[in-house]
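Below you will find the structure I want to go over with you.
Labels for the chains are A, B, C and D, by order of writing; each one numbers its residues from 1.
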Amino acid sequence: MTTLLEVSGVSVTFDGFRAINNLSVQFAEAELRAIIGPNGAGKTTFMDIVTGKTRPDEGRVIWGERNISLLGLSESQIAQEGIGRKFQKPTVFEDQTVRQNLAMALKNPRGPFAVILHRKTAQNAARIEDIAEETGLSDQLTRTAGELSHGQKQWLEIGMLLAQDPRLLLVDEPAAGMTVEEREKTTDILRRAAETRAVVVVEHDMEFVRRLNCKVTVLHEGSVLAEGSLDHVTSDKTVIDVYLGRSDA
Amino acid sequence: MRKSFIAENPSVLWFLLALSGFTLGVVVLSEAGGVAVLSTSFVKTLGKTLCLCLIAVAMDVVWGYCGILSLGHFAFFGIGGYAIGMWLMYARTETIVLESLASQVIPPTPQEISDAIGNQIFGVVGSSEFPAIWAFADSLFLQLAMVVLVPGLLALVFGWLAFRSRVTGVYLSILTQAMTLALALYLFQNDSGLRGNNGLSGLQNIPGFESTPQATISIVFFLASAFALGAGYVFFAWLLSGKMGSVVKGIRDNEARVRFLGYNVESYKLLIFTVTAIISGIAGALYYPQAGIINPGEIAPIASIYLAVWVAIGGRGRLYGAVIGAAVVSLLSSWFTGGGAPDINLGFYTIQWTDWWLVLLGLSFVAVTLFFPKGIGGLFDYLVRKQP
Amino acid sequence: MRRLCLALFVLLWPIAPHDAAAQDLQALLQQNADEITKPSRRSVGEVLERLAASGVQGLPVFLERWSDKGVWKGPDGLFFFGEAEGDTLQLTDIDTGAVSGADKDGFTQLKPNGGVRRVIGTTLVQFQLSDPDPERRRSAVEAIGRSPSAEQLEPLQASIDNDPDPVIRARKEQLVVFLSAQFADSTDERIAAIQSLSADTSVEARSVLNRILSTRSFITAGEPEGNVAATEDASEDPEAFYARLVGEGLAQARVSADDIRAALEANVSDGRVGTVPVAQLGTDAARERAYTGLADAGRVPPFVTTAARDAALAAHRFYDRYDETDSKVTDAARAALTSVEQRVAFAQTADLALDALSLASIYFLAAIGLAITFGVMGVINMAHGEFIMMGAYTGYVVQLFIPDYTISILVALPLAFALTFGAGVTMERLVIRHLYHRPLETLLATFGISIALQQLAKNIFGTQARPLTSPGWLDGAWIISDVIQISYIRIAIFVLALVFLALILFVLKKTRLGLEVRAVTQNPGMAASMGINPERINMLTFGFGSGIAGIAGVAIGLYAKVTSEMGADYIVQSFMTVVVGGVGNVWGTLAGASLIGFLQKGIEWFNPANTLAAQTYMILFIILFIQFRPRGIVALKGRAAAD
Amino acid sequence: MLEVEDLSLKYGQSQILHDVSLTAARGEVTAVMGMNGVGKTSLLKAISGRHGYFAGEIRVGGEVLNHPTAFEAARARVAYVPQGREVFPMMSVMENLETGFACLPREAHGVPDEIFELFPVLREMAGRRGGDLSGGQQQQLAIARALVTRPKVLLLDEPTEGIQPNIIQQIGHTIRHLRDKGEMAIVLVEQNADFAWRFADRFVHIRRGHVTRSVEKAAYSNTELLEDLAL
């Protein structure tokens, strides 16, 4: 299994508060990974660093087989390198149709002039249909994204990520506020996606993580506390202490 | 492709039909058209209004679609006017100077001609030297190029600086306002090379057409303005019809999301900012020959604010809204301030609209912002939704 | 010799009254009657010397009357002070002061000419320098200051020691230095005096040095002579130097383009000038050719070629020569002037800094209200400028009712605050409140209000500027030196800005309201959870910010014109101040105002004639500045800065 | 003292709480337990007026709070100590405490000595800026600030999160002291099972926005608690 993304020795400080502390973690190609951890463990900051929103104070973030450092790249360049990100709150373009949302995300040249001259092709249309199918939005393509239900918006955003055809997908709390059935469907979508690419899910909900059935990384106070299968980490004493707050910790 | 574009954007077709009908009507009813119901000065007012509609469309694209509340687009409008005005003024003065020098015993040298023109144009600011920026004033072609190049370059440089440092929202608006103010203050100086606060005048006289009556000239410019508006409208509608429109609206609604999709948001903003600046320059170049005079006051920040007012009242985010807003408000403005509206006698006080129009405009603008954020264009949504 | 004599006399004058009885003035005058009746510039000096040497009483009065053409000579040759009334004369005896009347016939009025009067005047000044009346001494000293001359030096010097008034004495000493620098007998004395001037930045001292260093231009075919100040390089502007040669009659004039045209026009025959057809004369080359033809025919003066011009220039030297022949003196003066100019430059910098400080105060006053509302509520109030205007008009209206300017200002300040406070609260309640979290919409709505308020003011007060007169005690300026001065009004505005800085800091740091305002600024949600009513705080903050704008309006109105558009003049600058300084921070606004004030004055210094250009460059600078510090000078960090 | 009945709320379109009911009595500590993201914080936000709800009722001392704003909740003597403390970073400790006077009559303005007795460190730090305190000190300040408002209901959202053990102990004792005084109902949102077990009198479990268990300490055991919380 080759390494796709390697984060090593990364630290970042906000106003004296160490949000990420000497964090090192690796992700392989075509891997499904869950990141769990209590509030303030640095999960979101970790995503911010990988996607270029936050610059770390020290450390390296190395990407792909050409070993590119992501630290010098802008958000859009990192996205073009093949890292997609889903935000905690669904952020879709509510004024536009589902199809337009997906079309915008489709992997095509991103330069303004290419975009102006871009015209619809059958190939793109087919790709949109596929993704809509995959995320269960086939019937919704002509609807305005703002009219979708909360769960559908989450899927649309995941669909947009898939349309980007990234090699690494960072997904922040995809199941928040979903019904049980919606959760199950989300799990399926993510697991299918992980067959061809790396998918990293940040989630609070243990049952959701259990259903993902994948390797789990536990973050605590900005660094990795434990890593392994869910059963392995939940039986880890330090993890239990952190989560349940044993006072003898 | 063209067919599908029109099919997907029926409003473009409706707009072009309405514009053609209006244009035809005005031409027929004008003095040049023979019926002479509309005076030449009113035709000019209508022609100018069309130019204002064009810049309003540009403003709508940059603000309503891309979310950049620019308070600087009237500066580009003014630059376009100055660029064409320089040629108009130079060429016309040249004609006059050549006429007066022709009576001399011996023919004038090029230097003498140039000195005489310089004296005519810059005597009012106590100078007779030609400033460097007039280097191309004798060439219509080059000055036409300036109409496009100068606003484009200014927008490019300014936009690059502003977007690069991720200045957004209110800050960006104020920055564009500062740019406008800086330009206006520069032009107000006598040594700016553009005649200080005298501005450029006599622009309604088109060199080479001295004997053509203004009635005809006014119709020609009216037609040119109508064509420019139609072309500009179609251009922007086309630009924003496809994926480009999606991206631009995406930037307006959620800049960060677009960035994480891999689009370089800054270059899109820069493109929109620059293209709309160029269109504004073209609108200005058509406007001022009809207005006859341009001075730095036209560029003052308040003008760009009025531009925002038109677009807001007409309805942001829809091109026809901008046209409606600009046309309605600017025509109402000239009706009210031109004494067209009857005074209202309250017994103890007579409301003269020349004085009270701006108060009314300001307050109705507040009302629109508070109660009808979609402007007049929002009414169309209401009608369309009611039908089915 | 004569000068020394006079000086000696003047020195002794007040202490040693001469034996007055010995000789009365009339007798003395009779001895010199001819010279007095028909004085010439040359002879009058000796007469005056004799008169002065006698120590007779009443001489100054006589000299004054003589000089004013108030002395008449009777048929018997006696002199009287006379005053003509129609045909009759009112005569006063010179010695006794007895008054009598007489017919004008037979009396002749003494009318000394200008040159004579000047000499009399000089002598008179010497008397006046020691006059017991300090007013007369002072005016005599000032007369010397106005028109200094060599012969004043010794009497002035002599009069110093006995002058009881320290102020006049100091002034006399200063004038002695000025005079010695120019007129002292020995070079060393002059140089010493000049050197002592090298620390004096007054305009007078500089003009003394410049007078010593006055030069005239000379042209010579040989070597420069005399005390040469500088030689000039003719190649810098050959045409101008050649024109000087021509002016001196040392060379023949060049033929100008106008000359050529005139000559050609005068020589057209048969559609040709010489061999060149008129139609071809539209280029300089053809005109030259035609002219050369005329010149060859001897009908017009020949061209002076450029080579001939350069040869003529090479044959001559252009130089400036000091009027002062002693190079040691001019060297010393040059050195002193350089040192003075350095000091003047320093003082000018200080003056500029003071100017900048007062400008910064104005920007601070105009912007601080905006900064408060922007900081606390994140709301941009485009009508802020109109609140400034409202304040200024309030001041104007109050002055219509209260004629006493001091009282009216004292009334206007709180009234302006109250009015704009009310306007601000009304606006917040009616408009802003509905637009929170929509900053661009707020911007637009307040535009609308700004447009309406401006027009409303125009409707009420008309378009012309209205006066807001400052109280008399604010007129004038505090003069620190000839170079540094600052008007009281600007000082007052500076003080007002300081007072406001203190007041705002006090309100924010020490009052309950300030505490709540800061809490809302830092964390509105938590502030509400602590029981702070955010709506009330927003309302009061907006009112407070607007109220300060009103007061700023009164202050600005005092020194600038009050018009309906005055707000628009300040609004962009105010925004720049807030943006540059950093949002939501009093110190940031202070820093922003200072930066912009000093910057603008600094740019004006490079280009003093053009304030418009200064503003243009300043705005450009700010646009660039924001590139590097998008959050302003004083950027809040951490949580408080988020959003 | 505090009664919440069938409370339901949404974030955007996702429903976070479904018909949540709980009662917190005066002189008792009610612990709201559950994993991350089950809606505990949302519940406190609704009670304190920081977030709206679309169904249900909140009563304090028998009086209905009808969709209160944060300010109205504070006036009804509901004091809120949020997760992450939210002290005012640029204000001194003393000023932070004084913000609590806003809902008191003027004559009651004054920080009771009792507060400094409970948190002696705050007296030492009175002049320091809130943002400069350590996490534990900030937590104490946040609780003290809430007490200044003389609350009837005290809402504590994860007061032990990210705080060193000795301060946790101190906070625990403070909670016990306040409970024993019997002036207020205390609602404690916790993930720390040990802490909750030691100081709470009643346990309400929330899972996915539903109340899954509501039980008094007497009828409950530490083991059962851990089971209910099991990962």
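Here is the rule we use: a residue touches a chain if its C-beta (ideal position, glycine included) is under 8 Å from a C-beta of that chain, and two chains touch if they have at least 3 such contacts.
Quick caveat: nothing in here was measured; it's all calculated off a predicted structure.
Chains that touch both chain A and chain C are the following: B, D. Among the chains, the centre nearest to the mean of all shown protein C-alpha atoms is found for B. Counting C-beta pairs in contact, the chain pair with the highest total is B-C. If you average the Cα atoms of chain B and of chain D, the two centres end up 60 Å apart. Centres computed as Cα averages put chain C at a distance of 70 Å from chain D. Centre-to-centre, using mean CA coordinates, chain A is 46 Å away from chain B. Chain A and chain D have centres, each the mean of its CA atoms, that are 33 Å apart. Looking at chain A, one finds that residues 15 touch two or more other chains.
Looking at chain D, residues 131 sit in touch with two or more other chains. Looking at the complex, you find that chain C touches chain B at residues 257, 261, 264-265, 268, 273, 278-284, 287, 380, 431, 434-435, 439-441, 443-445, 447-456, 458-459, 568, 572, 575-576, 579, 610, 612-613, 615-616, 619-620, 622-624, 626-628, 630. If you check the complex, the residues on chain B that touch chain A are 1, 239, 242-244, 246-247, 249-250, 253-254, 256-265, 267-268, 271.
Interface residues of chain A, counted against chain B in their complex, comprise 51, 53, 74-77, 79-80, 84-85, 87, 91-96, 100-101, 103-105, 110-112, 115-116, 118-120, 160, 164. In the complex of the two chains, the chain D residues touching chain C come out as 48-50, 69-71, 73-75, 79-80, 82, 86, 88-91, 95, 98-104, 131, 145, 149. Residue ranges of chain D in contact with chain A, taken from their complex: 10-16, 35-37, 83-84, 131, 158, 160-162, 165, 168-169, 190-195, 198, 226, 229, 231.
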